[in-house]
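So that you can tell them apart, the chains are marked A, B, C, D, E and F in the order they are listed, and the count of residues begins at 1 in each.
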Amino acid sequence: MRIVVTNCNTTQEMTEEIVRGARAAAGPGTTVLGLTPAWGPESAEGWLDSYLSAAAVLDTLRRYQEPYDAVVMAGFGEHGREGARELVDVPVVDITEAAAHLACLLGRRYGVVTTLERSCGQIEDSLEAAGVGRNCAAVVGTGLGVLDLGDAQRTEAAFLRAAERAREAGAEVLVLGCAGMTGLQRAVGEKLGLPVVDGVAAAVKLAESLVSLGLTTSRAGGYARPVPKRRTWGAPGAEGSPPAG
Amino acid sequence: MRIVVTNCNTTQEMTEEIVRGARAAAGPGTTVLGLTPAWGPESAEGWLDSYLSAAAVLDTLRRYQEPYDAVVMAGFGEHGREGARELVDVPVVDITEAAAHLACLLGRRYGVVTTLERSCGQIEDSLEAAGVGRNCAAVVGTGLGVLDLGDAQRTEAAFLRAAERAREAGAEVLVLGCAGMTGLQRAVGEKLGLPVVDGVAAAVKLAESLVSLGLTTSRAGGYARPVPKRRTWGAPGAEGSPPAG
Amino acid sequence: MRIVVTNCNTTQEMTEEIVRGARAAAGPGTTVLGLTPAWGPESAEGWLDSYLSAAAVLDTLRRYQEPYDAVVMAGFGEHGREGARELVDVPVVDITEAAAHLACLLGRRYGVVTTLERSCGQIEDSLEAAGVGRNCAAVVGTGLGVLDLGDAQRTEAAFLRAAERAREAGAEVLVLGCAGMTGLQRAVGEKLGLPVVDGVAAAVKLAESLVSLGLTTSRAGGYARPVPKRRTWGAPGAEGSPPAG
Amino acid sequence: MRIVVTNCNTTQEMTEEIVRGARAAAGPGTTVLGLTPAWGPESAEGWLDSYLSAAAVLDTLRRYQEPYDAVVMAGFGEHGREGARELVDVPVVDITEAAAHLACLLGRRYGVVTTLERSCGQIEDSLEAAGVGRNCAAVVGTGLGVLDLGDAQRTEAAFLRAAERAREAGAEVLVLGCAGMTGLQRAVGEKLGLPVVDGVAAAVKLAESLVSLGLTTSRAGGYARPVPKRRTWGAPGAEGSPPAG
Amino acid sequence: MRIVVTNCNTTQEMTEEIVRGARAAAGPGTTVLGLTPAWGPESAEGWLDSYLSAAAVLDTLRRYQEPYDAVVMAGFGEHGREGARELVDVPVVDITEAAAHLACLLGRRYGVVTTLERSCGQIEDSLEAAGVGRNCAAVVGTGLGVLDLGDAQRTEAAFLRAAERAREAGAEVLVLGCAGMTGLQRAVGEKLGLPVVDGVAAAVKLAESLVSLGLTTSRAGGYARPVPKRRTWGAPGAEGSPPAG
Amino acid sequence: MRIVVTNCNTTQEMTEEIVRGARAAAGPGTTVLGLTPAWGPESAEGWLDSYLSAAAVLDTLRRYQEPYDAVVMAGFGEHGREGARELVDVPVVDITEAAAHLACLLGRRYGVVTTLERSCGQIEDSLEAAGVGRNCAAVVGTGLGVLDLGDAQRTEAAFLRAAERAREAGAEVLVLGCAGMTGLQRAVGEKLGLPVVDGVAAAVKLAESLVSLGLTTSRAGGYARPVPKRRTWGAPGAEGSPPAG
C-alpha cells in the first residue's frame, strides 16, 4: 500500500522529518511518500498561512500523478482536508482528527499541546468540525514557533509545562499539536505518565485501516467530486513577500 | 468611507453584480470597490473551490495597495475571513456571517437557501464557527449552480420551493445563500411574506457600522498580524485544468 | 430616520446619558429620541427588576404614538425585546444582542464586563437566546451597582480588573455590559489594547442598517402581532415600596 | 403547609380551575391558595403577554402578606420565576420546569403539547434555561387559544393530533403545555398509551418536596434578595387597550 | 405507599444508613424498605464497580417478589436506572438525577461534591444522560473513598474544601455526591450558606410524587418491557477476587 | 499480536460469526480469539440486557488469564467499555465507537442502522459519551431482533429501508449497528452507493493501530486501575428466568 503524506508547508526538512515519523508508524507492507508543496508558507502559523497552505497542498495533490492508496495530510490544525476528499478517490486522513480519534479511545478527555497560542482556536475549530471536539479538555500553546522546535531540550521543557495545564483542565491523554513534534511522544510520555498521541503516526494507522477495509470517502453529499470548471491555481509570477505589518 | 468587496471567484460579471448590490445598500458617504481574484475557481461550489478561493482572495487583498476602510468578503459559505482579519488592519465582514447576524434580529430562527446541496454543510460550518449557528433552523439547496442563477424565473421558482422547506423546519427569516442571488430579496420576500436578508447588503451595513464606530479586528489572540516569513502564492505556470474524476 | 431608545429604568439622567451615546453613534440623517418609563425600577439589577422593567418599557412603547423607524432597547441583559418585536411594526434591537453581534466580527471570542455579579447569569441567558452565546468566553461583574457608575475613576479601575479576568478566559474583544457604561469604551479600550463594544452604539448602527435595508421583524411564527384581548397595565395606585428583606 | 398558586392571567375562572387541579394533587396536610393578578393579560399568549404577566404576578406576590410555605407559578412557558425566587424566601416552582423534571423520570425523551404555535418558542427557551431542555423531543401547538380550551371534546381531539406529532419526534412522555389543560391528563393518557404530566400537579408535588426537606432558593449568586431601591409597579390610570395591529 | 431503596453495594451497614436517610425524608404514609445486593462490589468506586453493581442491583430487584410502589436506586453516579425502568412496572428514581432535579429548582447552577476524583466523569455522564447536565457547574471530588466517610469530622472538612471549588466554578446549590454522605446536608449547609441536596431524600420525595400522581415509566420506546429470552445472572461459584493489577 | 474479542451475549454461534468478521479484518500478524460470556443474556436488546451483559463480559475478561494485546468489545451500543479499560492493561476498543471513528473520516455525517427501535437511544448515548456523537445524523432501527438476523434476505431488505431514512436525515456514511450484521457491509454498500462501516472490523483495525503504536489506556483520571476490594460476581445458583411481564 502506498500512502502519500503531504507536508503543509514548503520546508523540505520538515517533510523529511514527517516522513520518518510516518514510516516508523507504518506497517510492513506500506510505502510512505512525502510531498512538499511547491508554494505556500514556509511554516503554517495562523489562519492566513493555513488557507494559503490548503490551496498549495490541494495543488500538490492535483499535480501528483503516481498511483497511491491514501493521503495523510500532515498539517496540525490546518485547513484543506475536505477539499482533498473531493479531489481524490482514496481515503484522506488529516493528522488533527486522527490524533483525536485515537486519543478518545485512551481516556475520557484529551488535551492538545501545540506551538503558538494563536493556533489554538484554529485547532479547536478543526476538531469540532471533524466531530471529535466534545472530549477535548484543552488546547494549549507552548509559545514556540514551528521552526523553533529543533532545539529538543527547550521544546521538551515547553511541552511539559503546557501539558501540565492541559492535565489540570482534565486531559487524561495528550496529543502532539504539530507535525514537527513527531518523535517527542516517547520522551514526554514517560515523564508525564500519560499516553501521548502523535497525529502523523495516528493518521498513517487510520489510513492503513481504511484501505485494508476497502473503505473510502462517500461521494453522497458534501464530498462529491468537484464540479468540472475552469480553475486557476496561483497567478503568474506569484512569488510573495511578507505582508506589511 | 471606502469599502473593498472581494468576489470569491474569477468571474468578472459576478463581481459587477455584487458591486451593484453593495452600492444599493451603501450609505451616501460610502464608495464601493469590487476586486476580482486574478486566479481561483470561476465559481465556488464545494470545499476544493472554497479553499482555492480563500487563497486567491487573500492574495488579491495582499496585492491591493490603495487605501480602504473595510473589507466585505462576498463568497457565501466560503473560507478565508479569518485570514483576511490577520492580514489587513481594517474590519473584515464576510457575507455569510453578516446575513446571519441581521437575520437573528428579525426572527427567532432563520433559514438559508443556497445553490447546490453540496454547499449546505460548508455553510453550516461557517455559521457555527462565526458564532451564529444556534438559531439557524435549516440550510437548504435549490439544486442550481452558481453560474445558473442568471435565469431569473427559474431561480425564483427554485428559491421559493427551497424556502418552503426552510419554513417548515422553523425558519421565520430567510437568507440568500449566494452572493449571486443579490437582488432576489425583494421579489421573493413579498411572495413569501418573510423578511429575506441579502448577505452582501448586510455585510456592507455591518462594515459601515464598524468603521463609523472606530472598531476593528482585535489583535489579541487568534487574529494577530501574520508572523513575518517566506510565503509563495502559487506556482509558476499555475494555469489549472479540471481535476481528474 | 427616527430611532426611539428606551431606557430600562425610571432614572431620567440615565436616559439622557444613553441618548448622548446613541446620538454620538447615529448617522447624519438619524434622529434619536429617548423614552423613560413612567414606572418600573430606578435601576435594573437582577431578575425582579428586569421583569418589572420589561413590562414598563413595553407599556412605554405602547403609549408612544409618534412615528418612528426603529426601537433600540437600552437595558443590558434586561428582558422584553421579543415582546417589543410583537408590539411594534419596526425593527427592534436590544443592546445586549447588538454588542455581541458586532463583537463576533472583531475576534474569535468576546467577553462582557457588567455591573453586579448577580446580573451575569441573566446576561448569559440573554445572549444564548439571541443566538450569539457560543463565542462568549465570559461574563464578569465589576461589583459596582448601576447607579454607582458615576464615579468615573472607580468605574474605570473596576472595569479594567474585570476585563483582565475576561481576557484570561479567552476574550479577544470586550463588551460594555451596562447602558450606563456608554462612553467608557474609548478610555478602557486604549488601556486594554482590545476593541471595546458599546451596546447602545452597536444597536443604533444595527437599527439604522435594518431600516435602510427595508428589513423588519418577521410576523411568521414567534413574533406575530399580539392577539387582541383585554390587557391591564398596572394596578390603580401602583406606587411600590422596596420588597421586604 | 400552605402553597400559593399564582395564575399568570386575570381570568378568575382559570385560577379556580388551576386551584382545583392543584388541590387534587396536593398531599393531606397541604392547603392551596390561588392568587389572580389584579392586572395583566386575560390570557397569556406570546411574549408581550408573558412579560406583562411576569410583572403582574410579581406584583401580586409582593402585595400578598399572608404566611405561606411555597409558590407555584401556574403559567406554562411564561416568564417571571427567577424574579419570584429573588422576591420571596420560600421555594418557587414554575409549572413548565416542574412538568419537565417529572417527565425526565418517566422516559428518555418527552414532548410538550401546548395551545397556539406562537408559544412554542417561548416554552423551548423556558425549558432550556431551567436546565431540562436536553431531553425535550418537541414542543407542538394545537392551534387552540388559552380561552378556547373550554370545549373539552375539541381540545381533546386537537391534543391527540398534536401528541401524535410529538411522538413521531421521539417523545415517550407528554406534558400538558398549558395550565388550562389541567385535568386532561387522564383522558388523553389512556388513549395515547403514554404517561401525561400536568405541570400544576407536578409543581405542587415538587413544592411539597422542597418544603418537607427544608430546602429553599439559594441566595448565593443569581437569586440574591432584590437590592432595596425605588420601584413603581404600573402607572396611575393604567387600564390598557389592545395594541394597535 | 411502599418504596424499595436499593443500595448499590453489598455493605449492609450502608444500606441501613441509606434507609435511615430515606425514612427521614419519607412522608407519613410511606414505608421504606432497603435491599442489599447479594453480590457485587462492597463499595462502588469507578466504572468496573458501577457495571458490576448495576447487574447486581437489577438481579436483586428481579428476585424481590413483595409488592411495592416505587424504586429508589441509591448509588450516586452508578449505572442501572434504565434497566430497572424496563424491569419493573412502578416508577424508578435514581438518586443522582433526583438530586439534580431538585437542585435546578433552587439556583441557577449547582455543583456536586463526591468521593474519589475518579468518579467525577461517571457522574457527569449520568447527569447528562438524565437530561439535567446543563446547569451543573462542577463535579468535584473530596479524595475520600466511600468506606472512609465514617470519620464525620474528616468528611465534613473535605466536603467543605471541595464545596469551595464548586462554588468558585459557579455553583449556587450543592449536591451530596454519594449515598453514604446522607445526613451531612444539615451540618455543611449551614456552614456554607448554600442549600445542600441529598440524593436519597430527593429521590424519595420524587418517587412519592410520581406514585401519588399515578405516573409511571413510559413503555413506548426506550423503556419497553424486556424481551422474553434466556438470561443467566452470574456464573456458578461466582465468588470474586480483586482484579490483578 | 493477539486480540481478544468479547461477544456481549451467551450465544456461541454469534461469537463465531463475530470472530470470522474480525479475522477477515485483521492484519497478517494478528491472532483473533473470541470469548463468550458464561452468563448473561442470549442476546442484548435493551438496557436490562446491556447492563447484565456488561457485568458478564467484565467477568469473562477478569477470568481470562492468557496473554493478549488488546480487547475488542463486540456489543453494539452495549455498556461496559470503561470498566474494561480500568480492568486490563491493554487497549480496549468498543465496536460502537470504532465504527463511528472510521465513519467520521469518510463523510460529513454518518448514520447507524440497528436492530430493534428500542436500542436506538442506547446507541445515541454510547456515541455521545465516546465523544463521536456530533456528526451522527440518525440512528434508525430495522425492527429485527438480534437473533432474527439469520434470514439474510429479510435482513438486507430491512437494512436498505432503514438506510434510506438515515440518508434522508443527512447520513453520507452508514454504520452496521449490530455485531450480528457483520458481513452485510459489502452487499448493502454496493446497493446504497454509500460506504458502510462494520464495527467489528473497525475495532480490530483500531486495536491493531493502538498496539502497534505502543499506546494504551491512560491511568490518570477516569480509568485508573480498580481499587482493590471485595467484589462478588453473581450469586450462587444464579440461573435466571425471564422477568415477569
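Here is the rule we use: a residue touches a chain if its C-beta (ideal position, glycine included) is under 8 Å from a C-beta of that chain, and two chains touch if they have at least 3 such contacts.
Nothing here was measured: the structure is a model prediction, and the numbers come from that model.
S.K.: What are the chains that chain B and chain D both touch?
M.R.: The shared contacts of chain B and chain D, listed by label, come to C.
S.K.: Averaging each chain's C-alpha atoms to get its centre, pick out the one most distant from chain F.
M.R.: In terms of C-alpha centroids, the chain at the greatest distance from chain F is C.
S.K.: Of the pairs B-C, C-D or D-E, which has an interface that repeats that of E-F (more than half of the contact pairs shared)?
M.R.: It is C-D that repeats the E-F interface.
S.K.: When the Cα trace of chain E is superposed on that of chain F, what is the rotation angle, expressed as a multiple of 5 degrees?
M.R.: 180
S.K.: When the contacting C-beta pairs are counted for C-D and for B-C, which pair yields the higher total?
M.R.: C-D
S.K.: Note whether the interface between chain D and chain E is symmetric in residue numbering, meaning over half of all numbers used appear on both sides, and answer same or different.
M.R.: same
S.K.: Find the geometric centre of each of chain A and chain D from their Cα atoms only, then give the gap between the two centres in Å, rounded to an integer.
M.R.: 52
S.K.: Take the average of all CA coordinates in chain A, do the same for chain F, and state the distance between these two points in whole angstrom.
M.R.: Centres of chain A and chain F (C-alpha means) sit 29 Å apart.
S.K.: Using mean CA coordinates as chain centres, what's the chain A-chain C distance in Å?
M.R.: Computed from C-alpha means, the inter-chain centre distance equals 44 Å.
S.K.: By residue number and range, which residues of chain F touch two or more other chains?
M.R.: Each of 82, 108-109, 121, 128, 221-223 in chain F touches at least two other chains.
S.K.: Between the chains shown, work out who touches whom and classify the graph as line, ring, star, complete or other.
M.R.: Here the contact pattern is a ring, one closed loop where every chain has two partners.
S.K.: Record each chain of the ring in the order reached, setting off from chain E and passing chain F first.
M.R.: E, F, A, B, C, D
S.K.: Within their complex, state which residues of chain C touch chain B.
M.R.: 25, 27, 82, 91-93, 97, 101-102, 104-109, 128, 130-135, 167, 170, 172-173, 193-195, 197-198, 201-202, 205-206, 208-210, 212-213, 215-223
S.K.: Which residues of chain E touch chain F in the complex?
M.R.: 10, 38-43, 45-52, 54-56, 58-59, 62, 79-80, 82-83, 85-87, 89, 116-118, 120-122, 125, 128-129, 145, 221-243, 245
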